[in-house]
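Next up: some structures, all given as structure tokens.
The following pair of complexes shares a single chain, subunit A, combined with subunit B in the former and subunit C in the latter.
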Partner chain A sequence: MTSPFNRRGFLKATAAGATLATMPGLVQMAQAQNIQPGGTLRLALNITPSVLNPMLSRLNSEYLLGELLYSGLTVLAPDMSAQPDLATEWSANEDATEWRFTLRENAVFSNGQPVTSADVAASFAKLLDPATAAPGSRNLGPISEVVADGDFAVIIRTASPYADLPVALTYPTAKILPASIVEGDFDSLMQTPVGSGPFRMAEYRPDDVAIVERNPDYFIEGQPYLDRVEVKSFPDAAGAAAAMLAGEVDILTEIQPTDYARIADSDGVTGLRSPSGRFLDVVMDCTVEPFNNPKVREALSYCVDREAMVELVAEGYGTPGNDSPVNSAYRYNDDAPLKSYDPERAKTLLAEAGYPDGIEIELIASTRPGYRSAMAVVLREMARPGGFDISVQTMDHPSYLDQVWKKGKFYVGFYNMQPTEGTIFNLLFTSGANWNETRWNNAEFDQLVLEADQTTDEATRADLYAQAQKLMRDEVPALVPCFFDLLGAQADYVENYVQNPRGANYALHTVALAADAPTR
Partner chain B sequence: MSTFYALLRNPQGALGLLIVTILLIVAIFGPVIAPNDPESFNFGSRFAAPSMEFPFGTDWYGRDLFSRILIGARSTVLLAILATVIGTGLGAIIGVLSGYLGGWADEVIMRLTDAIMAIPSLLFALMILAALGSSALNAVLAIGIAFAPGMARIARSVTLQVRALDYVAAAQARGEKLGWIVLAEILPNTIAPVIIEATIRVAFAIMTLATLSFLGLGAQPPSPEWGLMIAEARDHLFRSPWPVIAPGIAIALVAIGFNLLGDGLRDVLNPKTAD
Partner chain C sequence: MSATFLLRRIAYLALTALLVSLIVFSVTQLLPANAATMILGEYATDEALTALNAKLGLDDPALVQYGRWLGGVLQGDFGTSLRTGQPVGPTILDALGRSAILAVFSLLLVCVIAIPLGVIAGSRRGGPADLGLSVVSYLGVSLPEFVLATLLLAWLAGPAIGMFPASGYTPFSEDFGDALHHIALPVITLTIILIAHISRMVRSEMVDTLQSDFVRAARLRGLSKRQVIYGHALRNSMLPAITVIALDVGYLIGGVIVVEEVFAFPGIGRQLILAIQNRDLPMLQAGALIMALTYALANLMADLAYAALDKRIQFK
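Showing the complex of A and B:
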């Protein structure tokens, strides 16, 4: 098994225009000695944050603000491991059902109150309360109870063993809020943030800009390095890209694959690229004709030239998929050889399945992001020699979410990377998944994922997840033809900005500006 | 026939007629002329510039733009003409009826069309598509309906002149039915201005159709409809301009062709400027 961390570092260093500054770890440590504190960082978003309450946020842009203003127990590192945030250390009992998290004693909310175990207990009670309707509350694991253990430690108990708890707690909505506000005027967080994050809100103009300033009481000595961060909203990706090229912003967190080379090649700009588990899939409803026949699904899986798909749909900025939502950006990828492109075999399988003359079928693709319909068109072309006559129907995004997503029998889905294998399987493919859109309902697969969730032994988990991935490759509840790299850009004078493949973490408190940065 | 020769002597009309004739030939025989399958990928030659092999270059999948334009002519131009025919037919009948009936019925019909005309035709078409769902045929229908009120106004104003003429009074005296008088007596005599208007409208229909496809509401990918081609190519504009330029020029040429033809017809069919 190759280590995802090394692979990521290697790809980064070879990515167009990437310099050593983007390589995490070593370089970051070396630079820590001569870091220049101060300065204003300007960052561009093309989806405007509108929900300020961190427990209710749903978009990457809202996660970004949440991370600037609030802290959680743990935070997700670029290698998908849990790192200390408010909790400094944690340990579990033998079967991973009871965890003890030790809290920092120097963390303070922006209203002056210290962060204590009572705040943590109250925050989790609120998060897990169905009435709060916090997105991602089901991604936190089977938590049954969170209780204070003295002022600066909490005990978290789970209903079943759950080895990934510290990683699951990095979910962006799992922020710690003051107990007085959680139990009092919770709605006030929509206007007035009260958190213990590295920055504090200075100004917020919806659809325009959010300005945060350095929190002088932040619990990590010397951080954040920046005095101010301006988060600017642009109406579309093209506008944000133009602002980057004009030097009006210092960091772009997202770039369209078609725009990446142009932006990364321009003067003074460094392109950022990280392999990620973000993927497009072609969802097949396994309970209805013709996809209730596994041979039809298998036939379609031989109609995908996966390497070409990466080239045509992700413009080369991606990795081929192997019909499982796990790739090398995750910890336990089984690295099986790619399925081959074999339309002849697809034809034979279709004939065996009772479709000697091929199948005519409509594939629905939402118009956002744009590469959804691109994948549909490419699949149509690739599957033609295999006996599939696919017609593409595009649809605007709200109609798609309303009428097709989780309901249709053949459509293109799009998902972010999740911190663990278990999270992505339990989100989409197990029988009890929140979004069980394929209705595959395979008991053997459910059992493998459940066992892996409950095991702490690394080798056993790797084996269980490998079996789960093989099952998905054999039975093909969904095609996963390609994964997308996370693409971004930064001005050359930005230091220590590291892309997180999950796509929802930014760690701006460790970012600094070099001495040659323009002063504003 | 004399109209035809008059049109050839009119410089605008002759040029318009030439462009439109070429276009119709392409629309009808395009699939036969096209050297390549408009949907087949050429992995080796993505973003190729115009060459002998690919006269207009290739797009981001390496599809031959020349073949796509030729085959797209049918869906773009024929659908636009169909939309115009629907709009013209509907509008002319409503207009003539309204003009002939006059009085109270005229007021009601005209105020209704005024109300509809207050909505920009693209917006109106979007509204209809939102109700019908997006497909190429629904887009044609939507444009047809959106065009009808404008045509109705023109047909009505011509009818107001025609209805006072003696042959209408004669038909009434013979005891002809309303339908006969409207369709057989008045409509044929209002046809010239309506045809001129319709010709110019074709250009608008092509542009509206292209706009709707551009917005993802008309033709569906990978159809080589010109507006859709531009919409899809926009993402790749900085890597190769040809996928935008080729269909863009095609749309512009067609719009100019139909406008010139319309202007020519106006001059030729107008008794005051004909000689």
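Showing the complex of A and C:
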């Protein structure tokens, strides 16, 4: 498959942008030449945001609202590095267990109060309190304590060394809220946002539209460029796509692979596509028959034609997976050669494992998103010559969540990209993982990931993550047949919109509209 | 009609509402996954799930949960949506108001179009008008609303014609013209479907009535055909049509689910779909109650209209 996109060129370009951002004078000079502030941006979502409280949000659509209305300490750049948000700079002690973040002094909440270290400390206390039930609070790293250091700096201590802390803090739920609200009427944030983000809520009609307006007190001089953003909810991808084609919206943040070509090819619309670490995996419970035998798992891994998976399941808009959740969208990918499709070898391995007549097994796939069951069916066909007789059972999403996810022995999982290798490994594959659905429990793997978490040396980390990926390829706790590109679209007159491969960041405060935009 | 009749009907209404709420509640207890599971989705850790269940009161016994809900409703408090954290009462009333806009516009259009159509077809039985109506109404009856809605969407809101916005809603208070523009497609869809129902009913009743003795007598007395049709026959043919219209009011409030979903119209149907998908029990209960009551009320209205149109009908 040839991709029209050159990832390295893209990374270089965004890295250059990130460097520029640290020199505000230069950026403003460059922008003054061609950016015209003002106008309304209309953006379509096909999953309606339900939760307005940023600490409780868990969908990309909710992260989008959170990012418009609130700020965190750091923000994730498209190259997966941490960039300043409320914190302007940070440094760690020698063993990366204590970090000091310096805060901006000009940030204010929409209720007029300044953003201070007390707000940061109170926000983290709330976020990490189990009673808050904040989704993803365990993705923030082993934080043990957040304390104020004067009015405009905080010290964050971790229980164990954690080199990725600034990146982990970009997690979309890690927003800074006023201490008075966090400790007082926290539930009011479901109705009334109070944040320091680039925009402020003007109108919110649940399941219909959220309209935000430029925050005149935003801490970055001159931004945001837009006066207004309308975030419109559509019940499904088809509705959002129709609105885009009819010129009723300016940006689609997500497009289904099946719709992409049609939308990207239409007049006045530019398709957006970035390789992403979003993947489907086939989860195998390594503690029960037949998957407690590593040879069975290895055999199945030779039953996957990975390039064909990209074509058949991701419509060509993806990258092949190599049974590790890390791909080229991450910083440390080991670029090992793809596993081959070799059903004969699978048969031999199965025989060695004590299944000379093959294995009959049921694979469960939820109906949401649709390509879960597509992958299950494709795998069924690919694995048949290798001796696997797979029957596919599709299931509605609530039943899947309730009865199969984290419980079943053979099912199709779906995960978004995480900002770091460590986050995705610790989420899914280490013994202490939140969602240790494979129960692989490999001590050597745990140790490699832990060491990588704790070291700040780039080369050592690259080596440790390479070893961890190799271990996953050899032992196959789960099949990762393919990754999905992030697909979107924008009207030609939208300027500066950059897709973030993680899929949860949008940076709309840097987006502008050209002079010919209809909504200026 | 007596006061005891009205009182008895209202008592039935209350009983219906109670039964509906009990049934809906019981059914949701049988569904896999509860609101906490759906809220956390694939972000749930065991601790988060336990904490959220406790916070939402979902770990109490079912009877306690139902009692708590019923107690709130009796005091006029429909609770808080588990999905959005917004109060249920105002949310569902807003949604109902928006659905009512669709319903009123569609019903008005239907009455204005379908009743004369039925009369014309019925009084010129077998003529070209009758034949045309048959074909159109068969189409209307046999096309499921999602097919019709999707066809209209692709045709009139598509990039080629682009006459109407594909979806969404603008409040009338904000921009009257834009609001009309937004409800046009859903209203057209509903109208086409309902025209079929009502015009066919009016037509067949008209055919029967026109063959009855009193119509012949009226003609023989020298009244013009027009006077007979509109002054005598129509009134008698309207009785069954009123039942159908009453049922259609219920349909309009409840059955527009599909149409609202296709056009992303934020009415009560769409609210209910989201509530079911997310196991949002308070919202689901309130929505189901409103729909049940609307049906019941519409039927009561139809009975009252019967009595007004036909003095021989007495309710005791």
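Simple rule for what comes next: the second predicted complex is superposed on the first by the 487 of 520 C-alpha atoms of A that agree within 3 Å, B and C clash if a C-alpha of one lies under 4 Å from a C-alpha of the other, contacts with A are read in each partner's own complex, and residues count from 1 in each chain.
As a working rule, a contact is a pair of C-beta atoms (placed from the backbone, for glycine too) under 8 Å apart; a residue touches a chain by one contact, two chains touch by 3 or more.
From a predicted model like this one, the values you see are computed outputs, not experimental measurements.
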item	value
Subunit C versus subunit B on the shared subunit A, clash or fit after superposition	fit
Touched partner set for A:376, first subunit B, second subunit C, both or neither	first
Subunit B versus subunit C as contact partner of A:58, first or second or both or neither	second
First, second, both or neither for A:308, with subunit B first and subunit C second	first
Which of subunit B and subunit C A:354 touches, first, second, both or neither	neither
Touching partner for A:393 - first (subunit B), second (subunit C), both, neither	first
Which superposed partner A:434 touches (first subunit B, second subunit C, both, neither)	second
More subunit A residues in contact [subunit B versus subunit C]	C
Degrees between the directions from subunit A toward subunit B and toward subunit C, using C-alpha centres, nearest 10	40
Touching partner for A:385 - first (subunit B), second (subunit C), both, neither	neither
Touching partner for A:367 - first (subunit B), second (subunit C), both, neither	first
Smallest distance from any CA atom of subunit C to any CA atom of subunit B, in Å, after fitting	8
In the complex, subunit A residues that touch subunit C	48, 50-53, 58-59, 130-138, 187, 190-191, 205-209, 232-235, 239, 242-243, 245-248, 266, 398-399, 401-403, 405, 414-415, 434-435
Touching residues (chain side subunit A, partner subunit B) in the complex	256, 258-259, 261-262, 308, 311-312, 367, 370, 373, 376-378, 380-381, 391-396
Subunit A contact footprint on subunit C (complex, rising order)	31-33, 37-45, 47-49, 51-52, 55, 83-86, 91, 153, 157-159, 162, 165-169, 261-262, 264, 266, 270-271, 273-274, 277-279
Subunit B to subunit A touching residues, read off their complex	39-41, 43, 60-61, 134, 216, 220-222, 235-236, 238-239
